[in-house]
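Each chain gets a letter, A, B, C, D, E, F and G, in the order it is written, and its residues are counted from 1.
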Amino acid sequence: MTELNLTYEAAFEELSQIAKEIETESVSVDVLAEKVKRAAELVSFCQSKLKATETEVGKIISQMEQKTGEG
Amino acid sequence: MTELNLTYEAAFEELSQIAKEIETESVSVDVLAEKVKRAAELVSFCQSKLKATETEVGKIISQMEQKTGEG
Amino acid sequence: MTELNLTYEAAFEELSQIAKEIETESVSVDVLAEKVKRAAELVSFCQSKLKATETEVGKIISQMEQKTGEG
Amino acid sequence: MTELNLTYEAAFEELSQIAKEIETESVSVDVLAEKVKRAAELVSFCQSKLKATETEVGKIISQMEQKTGEG
Amino acid sequence: MTELNLTYEAAFEELSQIAKEIETESVSVDVLAEKVKRAAELVSFCQSKLKATETEVGKIISQMEQKTGEG
Amino acid sequence: MTELNLTYEAAFEELSQIAKEIETESVSVDVLAEKVKRAAELVSFCQSKLKATETEVGKIISQMEQKTGEG
Amino acid sequence: MEASNRYPVATPGSIRLSELSARVSRAIEEAFSYTSFWVIADVTNHTYKSQKDYHYFELVEKAEGTSVLLAKFSGSAWGTGSQKIAEFEKATGQRFTGGLNVLVKVTVKYQAAYGLQLTLQDIDINFTLGVLEQQRQATLLRLVRDNPEHIRIEDGRLKTSNQGLVLNRVIQRIAVISSSTSAGFQDFQHTLENNGWGYRFSVDPYFALIQGDHNAGQLVDKIVAVYQSGVAYDALVIIRGGGAQTDFLIFDHYAIARAIARFPIPVITGIGHQKNETLTDLAAHTATKTPTKAAEFIIAHNRGFEQELLQLQKNMVIKSQQLLSAENRKLSMIRTSLVNNTRSMITGHKDALVRNNQITINTTKSILYRHRTGLNNLYSKLSIQPKGMLYKHQAELSIICRNLKTFSNLYSKSQENKLSHYASLIKLMSPENILSKGFAIVKAKGKIRGNADGINLGEEITVILAKQQLVATVTSKENHDGTEFNI
């Protein structure tokens, strides 16, 4: 699944595409399970990537605020 | 019966066609039994395919919900 | 009589034709008995065919219901 | 008289012809008796033929009804 | 980070650019952390540069006022 | 800096220019301290020149140059 | 008279001069005593005895545009006349002297010893002022006319090149034209040196005689000398050193006004004039009333510069601090927006993910549900429709069966009817039936006859009845109309 070079951008794009297809019911039952599975993978990937980013950004921001507090 | 390459899509399409023919009585008594038999097969095929999809999707979705709940 | 290749469709068609001839008295007395006899045969053929179809369809449907009940 | 190959059709036809002639008095007293005699024969022929047919048809129909009743 | 030749001007410009990108969400999640980190560095750089300038200007002004007081 | 041939005219011109730049905030933080320092020198130069005889002016200027050399 | 004794008694036809003088004196006295005259004349040969406060002069009238004398009187002034002259000089700034055109009130007096003399009683100040003003205006017009590049009139004011010069920021190197003895120069120097701000000046004096029309050339020379010194003066100051109130007519001199108007260094005057400004003042860059005022002007100018410097410095200090605090604010704003926007961006992405997830989950469920429903619908159609169809066919068959029976019967009945109709007809028409009703068949010569043609009287005929047959002979033959049976 999670390809080595997959970016959040690309993953989110693909996820949105799948969500749209499913929303407009332009997905056939034959591939529905497959699509949902892919969507789940992408959600999982995006969430972990987002979580990592959030953690890192949070760290940087708290350092920044500490500094400003001092200054 | 259940051809190897039959898709849910195609099966459902054929089934709808038969149902329509029977509904409009454009089917002769000579082939009625045969048609009903085919329809039964198609229903069976579609149901099993749907069931399989449901099961799989259900599994994926429950995993997804669990994750989202966590996240 | 009951030809091998006779279809319900054709039989019914012929039967209707005979009934109409008798109704319009366009049949001579010479062949009336013969015609009626043919009609009787056709009725018999159609009925048996109808019965057979009914039985078969019934069987298929009950099987289907069994399956659906299970499903 | 009762020719072997006489059909109800032909007999009825001849009878009608004679009746017409007698009615329009285009027959002389000379041949009247003769014609009347022939007509009487034809009526007799037709009646017996009709009766026979009626009987046969009745038989076939009652058989048919029996079958349909059964069916 | 703090390049040797970085000016306050250039740093502030870059910082504004990053802030704008993040505001308009034209930055992808993939590089968000990186961008925020760079922004934090630039903020830090600008603050220290500003502080230094403030101190120096303050010094000059107090000297100036001393002189003017004398004159 | 303080050139030997600096006139009131030129000093005032330069001073006005600096004041205007600072006022219109077209001076970057990078050079603000430097500009303010230069302005202070120019004011100082004009004041001492106003209060000195011609022979003394040379002395003032050489003193100023010495300071700048140190600074 | 004692003097007359020195001359012998007049020869006949002559009288003594004194007698003539007495007669003239008498005539003049008769004509002019107690009468005074306002006359316009030019003053010439003026002398002034200051000890006695006596003015001696001549009044002349010349033909216009020439020097041809039309009239000439000796004149003198003392007492009231001298006092009036002093007033005149003070008021006009014009010395009572040769070349002056005046309106004077005179009395005519004849003295035997001095001859005919006019005694000045009063002098019209306004007339002379008018004349002076006319001269001034003429000079002014000439200045404008002859120096269009440097002098012109704008809005009724004189505009000169010198006025167009911009004063240096600081006036520190100063050339001063003054008379060496003047107290004005001392005042000027003193004021400059004792200024309250410690400003230092470099003053180069150019002394000259500054009085009387005739010194105009010298003054112009001094102005030129200032220029030729090559020193980069910030200003040329021209001051008049107190003294006589009548000195300043020189400053209305054409050459001086012209030189100042064209002078390349700004000229500041401190001439001190109570009435209207001199042409020099008008031509100069800046005119002040006194030398002290001129010095004060220079100090104020320098002070203005220093204050401007300090103001600039003050503004700069304020602005620098404002700039720095604005920069601080900008930085903190950008930091805040950075933090907030980053957080909101992450939140937005989280929401988007959840949204996509929800859409996928919910819609997938609804897709499956919809398919199941569709399948069920099809299935129920399939399980119901065939039965109905078969039942309909069955019904049709039954109808056909019933029809077969019904119509076969109807058909037989109809045939039976037809046959029985024919049977009745035949029965009706059979000869037995007809004969039994009273009809008879007539045979003649072995043939059945329908009429009597060919049957002769006496011929034997056979009459056939229903049960019997009669043989008869014809006895009569008649026609009958036969209407008897016509129904």
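We adopt the following convention: a contact is a pair of C-beta atoms (placed from the backbone, for glycine too) under 8 Å apart; a residue touches a chain by one contact, two chains touch by 3 or more.
Keep in mind that what you see is a predicted model, and the values were worked out from it rather than measured.
The chain with its C-alpha centre at the largest distance from the centre of subunit F is D. Averaging Cα atoms per chain gives one point for each, and the point farthest from that of subunit A is the centre of D. Annotation: 40 Å between the Cα-based centres of subunit F and subunit G. Here the spacing of subunit A and subunit B, counted between their Cα centres, is 34 Å. For this pair, subunit D with subunit E, the centres built from the Cα atoms lie 129 Å apart.
Subunit B and subunit G have Cα centroids separated by 81 Å. Residues of subunit F in contact with two or more other chains: 29, 32, 36, 40, 43, 47. Residue positions 310, 313, 317, 320, 324, 327, 335, 342, 346, 349, 357, 360, 364, 368, 371, 379, 382, 386, 390, 393, 397, 401, 404, 408, 415 of subunit G each touch two or more of the other chains. Chains touching one another form the pairs A-B, A-E, A-G, B-C, B-G, C-D, C-G, D-G, E-F, E-G, F-G. Those residues of subunit B that touch subunit C in the complex are listed here as 28-30, 32-33, 36-37, 40, 43-44, 47, 51. On the subunit G side of its complex with subunit D, the touching residues are 397-398, 401, 404-405, 408, 412, 415-416, 418-419, 422-423, 425-426, 429-431, 441, 448, 450. Only residues 7-9, 12, 49-50, 52-53, 56-57, 60-61, 63-64, 67-68, 71 of subunit A touch subunit E when the two sit together in their complex. Residues 12, 15-16, 18-19, 22-23, 28-30, 32-33, 36, 39-40, 42-43, 46-47, 50, 53-54, 57, 61, 64-65, 68 of subunit D are the ones touching subunit G in the complex.
Chain contact summary for the complex, subunit G toward subunit E: residues 310, 313, 317, 320-321, 324, 327-328, 330-331, 334-335, 337-338, 341-342, 345-346, 348-349.
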